[in-house]
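Here chain A shows up in two complexes: once beside chain B, once beside chain C.
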Partner chain A sequence: MACRPSIISRGSDVGQSTFNMPPAQTESALPMVQPLLKEFQLLFYISKIAGILPQDLEKFRTKNVLEKSRNGMVYMLAMLIVYVLLYNILIYSFGEEDRTLKASQSTLTFVIGLFLTYIGLIMMGTDQLTALRNQGRIGELYERIRQVDERLYKEKCVVDNSHIGGRIRFMLIMTFLFELSILLATYIKLVDYTQWMSVLWIVSAIPTFINTLDKIWFAVSLYALKERFEAINQTLEELVATHEKFKLWLRGDHDTSSRTLDSSQPPEYDSNLEYLYRELGGLDMGSLKGSGKNKVAPVSHSMNSFGESIEASDKATHHPISVNMAHESELSNASKVEEKLNNLCQVHDEICEIGKAMNELWSYPILSLMAYGFLIFTAQLYFLYCATQFQSIPSLFRSAKNPFITVIALSYTSGKCVYLIYLSWKTSLASKRTGISLHKCGVVADDNLLFEIVNHLSLKLLNHSVDFSACGFFTLDMETLYGVSGGITSYLIILIQFNLAAQQAKEAIQTFNSLNDTASLVGAATEMDNGSSTLYDLVTTTMLTPTV
Partner chain B sequence: MSPNTWVIEMPTQKARLHPYPRRISPYRTPSVNRYAFSHETPPPPPPPPPRTLEHPVFEDIRTIMSVLKASGLMPIYEQLSSHEVGPPTKTNEFYSFFVRGVVHALTIFNVYSLFTPSSAQLFYSYRETDNVNQWIELLLCILTYTLTVFVCARNTKNILRIMNEILQLDDEVRRQFGANLSQNFGFSVKYLFGIAACQTYIIVLKIYAVDGVITPTSYVLLAFYAVQNGLTATYIVFASALLRIVYIRFHFINQLLNGYTYAQQQRKKGGHRRQAAGATLMENFPEDSLFIYRMHNKLLRIYKGINDCCNLILVSFLGYSFYTVTTNCYNLFVQITAKGMVSSNILQWCFAWLCMHVSLLALLSRSCGLTTREANATSQILARVYAKSKEYQNIIDKFLTKSIKQEVQFTAYGFFAIDNSTLFKIFSAVTTYLVILIQFKQLEDSKVEDNIQDQQQT
Partner chain C sequence: MSGRLGRVLHFHLRFYQVLGFHGLPLPGDERPHRTRQLLRAWSLFILMGLSGMVAVCLTSDLEFLYKGDLFGCVNDGMKFIFSELAVLSIYAETMASQRPLARFWWLHGKLNRQQQHGSRRLSRPVSIRSELRQYRRYLISLYGILVGEILINIWLWQVQPADMHLILFWSTFEPLVFLMYMRNVQFVLHMELLRQQLAQLERELSLLAEYSRFASLTGRSFKDFGHFLRRRLLQKQCVYNDVHEMYTCFQRAFRFSTLTVLLSIYVRIAVDCYFMYYTIYISVANLDYSLILPALFEIPAFIYASQSCMVIVPRIAYQLHNIVTETGCCGFADLSLQIQNFSLQILHQPLRINCLGVTILDCCLLTRIVCSVGTYIIYTIQFIPKFSNQ
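Now for the complex of A and B:
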């Protein structure tokens, strides 16, 4: 998986590249940040048609919001019922072979097979019903993400959403590829397509397809969260980098400090330091020129992190341009940086909360997906083994007859599960990294006051936890992945061992029966010869004693 | 000193599915001093509602307490005042002692009769292994209950201490905020009824299943078996109820703290922009935070005390329950797949056992998980409080530093932590065992079938 670092542009760059007009005008004309949902359009349309999301289509197209819709709900329920019906017809029409199978097969295999055939349906039902239940709350979630984006933008840390659309498209293409290849290969190779009922086989792909679409929503939203965490980390790291440069400049500057003392016009330093002055020195370019350009803040954000209005504190920090720029920046540094760090910390907390809320919304689908993944993976491998031993397997698992198709199906299923686990793990790692980045700030500044701030905030960060779990039963991280793979292996070994034992028992009986037949033949021959039937007796007694 | 005007209600069953059940009572009768969760000047006080001073303590779990008191598991305490309970009187103590003696005598009698052929009629099953299973189940049940009685007898003082601490804490909350922390413990009564119904049903099933005349010894055995099961289950429900009580207290202080978080502050600020009450929002913070820290510490001590009181019982109950669930699942499977000999009696029996044990396990792990999460949530909520002045920041830092490595957990005698993941682990273990058992059974069956075939052939 590619973890591209999020593109972050500083305030000055934003002014030129992304937003060409001054922010004050932008705010009145356009929303400050592009909503994340804008990138979800394609996915939304496909999900809407497939009946995964009940939200209103028109509202999404015009305003990029997810809103409740009664019609969508009815459509979705109808789709769910149609799917369930079709799937049952499929099971019925393909189950005829299974009915003969039941007599020859052990009951356990049959029961497990029955369970396995329906788990896909259960998974699909969980997805759709959960989407129905959450239809109001998903919209809220994306609204919260938008607000976080706004706040991040105010801290001059812009998150780039543009490549999320590409990601969605890539995932969709992969899904189509996998589904189609599995479906077609199985249909051509393993289904008797002379009968028209065989067309129903297409239905067998519906549950996994719908499930994957639903999981793409989750995965991409999770990815977006991860990007926001990384954006925060990046901002902190950049603070560190610029401060290092600033320190270098200071060291160089002390030798020639007399020059800056008498300069009344703004000194000429390179663009990096210009940024730094705004960032660390509490002196905006706007405030330098005395204009009111720093009133970017929308109404809801006219307060700082302590709930006090920014205007007041701004007035207080509006120093006249002092003679010694470097000294001035160091002085006002702490309070300004403190506010910025505070804000970042709050945004971090908000993202963590969003992550928790998202996990909550998708907890049942994830649980069912994990159960499905585990069961299907084990079953497919076991049936592959059975197929190589020329034993009969349930008809819905006919793809196991072909190793190649099995490999594709397994990589598709495991890809889904592993990607989700991996992404959750990475996200919680990214959230934990913020503390490290924060500490770098404290170390590089080497200032007592800032150290105190950093200590205080890192204690807070320690308590922001975002751990993704499936209903609290297990957390989604690499440890669980390891556990699950261990579980699959041990189950496979148990199943195969018992299969072997049963097979050996069967063979023993068969050989015994055939031996019995030959023995009786021999006995008949000996009797015909009127000889002694000792051989017959011998054979029968030796063969019968162990079993009787 | 305001009257009981605050009631924190537990969310309903449906609302409890939500991750963060934060619901405060809708009827906000204003208190004399101020609201606990809002920091605004209260409207003029209404006439204080009448308050019954002879309000009995622990009224919420009265039913379950009386059952446990009658069976000698709980001391029959004396109520000294509205916030203190005293040790039981000599007569009551003697009564508890007497009941426990009777219980032990009965246990010995039962064990004796189990090993004599008189009880053989209760074990009639169609296969040898099933009888052994039932034996083990019986013995485990006896063991669990005996352990419960012993541990309870030993922990009489501790239980009283815990109860006193809870009552003191309540009293303090009442004095500080006029909030009366009570809630509807309807679930305990429901569980009590459920357990009683389950046990009666099981006995009736068993009596119907036994053929022939049942001897009095068997009746005693059966009845005592049911009582043992029922009382163990009741104790588990009681432990869950205690945990729920602690949960409500934790929830209260978390709610209190939540009023100071930046999101709440901003919301308030947004609502009352014109009032411009800048510093007043955090005005009460030092006072409240000290109170919260104290409460939190006390609650943690109570939580630990409860854990110490019942962890041995919990271990043995979890073991017993694991065994029962496994064997009953297995029996159920055997019954369903067996050709021709499906007995509805055994089916119902298995279902009754499974229902009881699974619901108890779910209840226990759920209340443990909820309480643990709420206890750990305090520091997370405190991390959301952003204070401007250094003094306040230091207050916050102190608590956060203290709670860095203070991971609160409810453990089963230190073996493992009990929460939702325990439920998951138990069920995955049950599945594994089931698969193995069923496979062995099939091997056995196929051998038996072959033998029959062979005998028919020869």
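Now for the complex of A and C:
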């Protein structure tokens, strides 16, 4: 039925297939298979204004496609240069304080501050330059997703894009909230806003803001992929469920006596739980339970009763062919379902490929984000420690002076990183679940032809899983979090130890100097040798055994 | 009227209900809906109470936390904060993720019923002795550490004069420790049930393998033997699928609390080790640190349970491939196809108990925990002389 249109749309040109479809197909397909980018409109306009994407605005507005644009490129480069200039002015004007404070700062703090001054800028630059490099390929990616949607639609598997727009809006609101609260709180509490130069502080929020917008593109696209995997799994599960119902119905004609016996049993733990299922909404427990029972009950567990099991199984295999009237199940027809399973697996492969391509496009930005997250998290906590010890910290990281702002900033940064990791992990898991659902199909249908198909496809799925990584340096799954959190703790403790040691050395030198001053005064009055040697002893004990 | 749960399980689940850990009504409860709501309210109540207590501990001027230096105070506070996190996740999970838990118990009941259907031997009421034997691993880890904890507390009470500090400790941190421990044992219970199902599956597969070997050696089989084996394997595939779903439900039901409970036990051990060294360093006659002895066994108990669960799956695959397909009867291409299918299914459905994907809970984790506790102790010990002269 869906065969002819599929050939047409596959043969049709990229980007125009929606318009070239035959009228019958267009009517049903147009409202269903809407391009994913339609939901990205708000995000696209904001990104365009901020200079994250070079793609053509007009084409996007009219056709929902991302296409290269020379003007966009120029605008974006100009924005990048403006940001870099502004940021440098910011660093210069706020760096004045640092230069005066350099003496009182510990060297370690100073060096860390210097090292991390430009990391935000580097991250932003990576994002924008990668976007420039990828400007042609991103459009292709969404076009491929749209084709996947069409193919899924032909398998009666509809993907709902409607809540993606809401998701984008929520993420944007969260971004604005976090950025504004950090910016305003720092500006009001920690920046001297009597000077007009202090307005430049706004620039300090630009790198993180641009980075977040770019990551929203990635996150939402990844989420869309995850939904497609889940749609495939859902379709397979539905196949299983209908077949189980079908089998139940088949057996219902013959085994009514045993079923009434089952229902007359006293209520048990699972009957209580069944009530819960109804309560909590969701799975159709009645059918599952019945099928579970009927599926297995005829085959006895005992090793001795062979004959009985064979009889029962014969019955199960023959009926789907003989009785096929009111209820239907696709799984009972192996040759028909073969095509469907094959198609679904091909779509799965295609989604995996899209995932890999997407990962590749965003690999450098993700790597820089993760590096940024790790360094900034450690540095912010370290500066927070320094601030509690009343040491001066680099002026760009002044938000660390207030624990409350630090908490917001840290949760913003870590939220970004963790969400990306979590989503990648979830997507990878969803892609792996397809194999499980496929095997369920095979087991439920219990047909040798189908087993062969399932085995073949299952191997294919095993060999074709999608795992996300940051440039191949580390995989984006939850185990990375374990390593990163361990790393942050270790580095923090080491840094604090160095800081403590440096502080103590500084205090010891100060004591030494002041003692030296007094010693020279005292020494002028009394005998030189005696006094200075005791002082020398005192100072050495101060330095070496810190028990004074 | 304990349904099919058995008295031991019934008693312990009731116990977890009292602690607010098990939000589902038990079999035989008159009004399940009302019970569920009551349990939910009870969990919320306990959560509020404990959170209030932790808030008081963290802000009060009394010496709940160590006040000697800032570092020690932060360390002590961390213990409370992580315990609070654990408590929060435990009760939030009890209230929120009831569906996976219900599904877990439903599947457990279903598999048990199938087994009883199969072997008539078990259909008569099970004696309490055999039940105790069945759950011995869980019972040992529950009562072993419980008794240990109580004995050490009594000993401490005898040896050390009951000062204000000890009373504060008993009234605030000890309940948290107890809850954490009980939750840990609740995980152990669920994993033990999982392990029993897997072990049963492995036993049945090994019987099948043995029988097929016997048939191929002696040539004594019957008509449709291959077909029979194939039916059996198919049925085992369904069982494995159910067990795997039980595992997924377990993971989903205890997703966050596994992580936070292990983390809080870990933090407690690390912090208490620091204080142990500290008290020895400043030579204070204080034996508080002996309280970590039972805690030292909690993580291993958990990891042992999960490891013994995970090692069975390769055994199942091994037994599966032990089934001999050339027994000289008909339909063996089908049998080997079925074996392949099952084998692939096992590859697709591995059993990896991990807390939120962060780390797999096997013995490697134990090594890593020991290493990291050691490293952090060395780091923190270096602080002590620096703090004492400030």
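FYI, the second predicted complex is superposed on the first by the 393 of 548 C-alpha atoms of A that agree within 3 Å, B and C clash if a C-alpha of one lies under 4 Å from a C-alpha of the other, contacts with A are read in each partner's own complex, and residues count from 1 in each chain.
Everything below uses one rule, namely that a residue touches a chain if its C-beta (ideal position, glycine included) is under 8 Å from a C-beta of that chain, and two chains touch if they have at least 3 such contacts.
None of the values given here were measured: they were computed from a predicted structure.
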item: Partner chain in contact with A:V111 - chain B first, chain C second, else both or neither; value: first
item: Partner chain in contact with A:A501 - chain B first, chain C second, else both or neither; value: both
item: Which of chain B and chain C A:L459 touches, first, second, both or neither; value: both
item: Chain B versus chain C as contact partner of A:K440, first or second or both or neither; value: second
item: Touched partner set for A:I493, first chain B, second chain C, both or neither; value: second
item: If touched residues of chain A are counted for chain B and for chain C, the larger one; value: C
item: Contacts of A:C471 with chain B and chain C, given as first, second, both or neither; value: first
item: Touched partner set for A:L481, first chain B, second chain C, both or neither; value: second
item: Contacts on chain A seen with chain B and repeated with chain C across the two complexes; value: 300, 303, 306, 452, 455, 459, 461-462, 494, 501, 547-548
item: Interfacial residue positions of chain A with respect to chain C in the complex; value: 267-270, 272-277, 279-280, 282-283, 285, 289, 292-293, 295-297, 299-303, 306, 309-310, 313, 425, 429, 432, 435-436, 438-440, 442-443, 446, 448, 451-452, 454-455, 458-459, 461-462, 477-479, 481-482, 486, 489-490, 493-494, 497, 500-501, 504, 546-548
item: Complex interface listing, chain C residues touching chain A; value: 3-5, 24-27, 29, 32-33, 36, 98-99, 102-103, 105-106, 109-110, 114-115, 117-120, 204, 207, 211, 222, 224, 227-228, 231-232, 234-235, 237-239, 241-242, 244, 334, 337-338, 340-341, 344-345, 347-349, 354, 356-359, 372, 375-376, 379-380, 382-383, 385-386, 388-389
item: Of chain A, residues touching chain B in the complex; value: 106-108, 111, 300, 303, 305-308, 342, 345-346, 349, 356, 360, 452, 455-456, 459-465, 471-474, 487, 491, 494-495, 498, 501-502, 505-506, 509, 512-513, 516, 540, 544, 547-548
item: Complex contacts: residues of chain B adjacent to chain A; value: 19, 262, 265-266, 269-270, 278, 281, 337, 369, 379-380, 382-384, 386-388, 390, 393, 396-397, 400-401, 404, 419-421, 423-424, 428, 432, 435-436, 438-439, 442-443, 446-447, 450-451, 453-455, 457-458
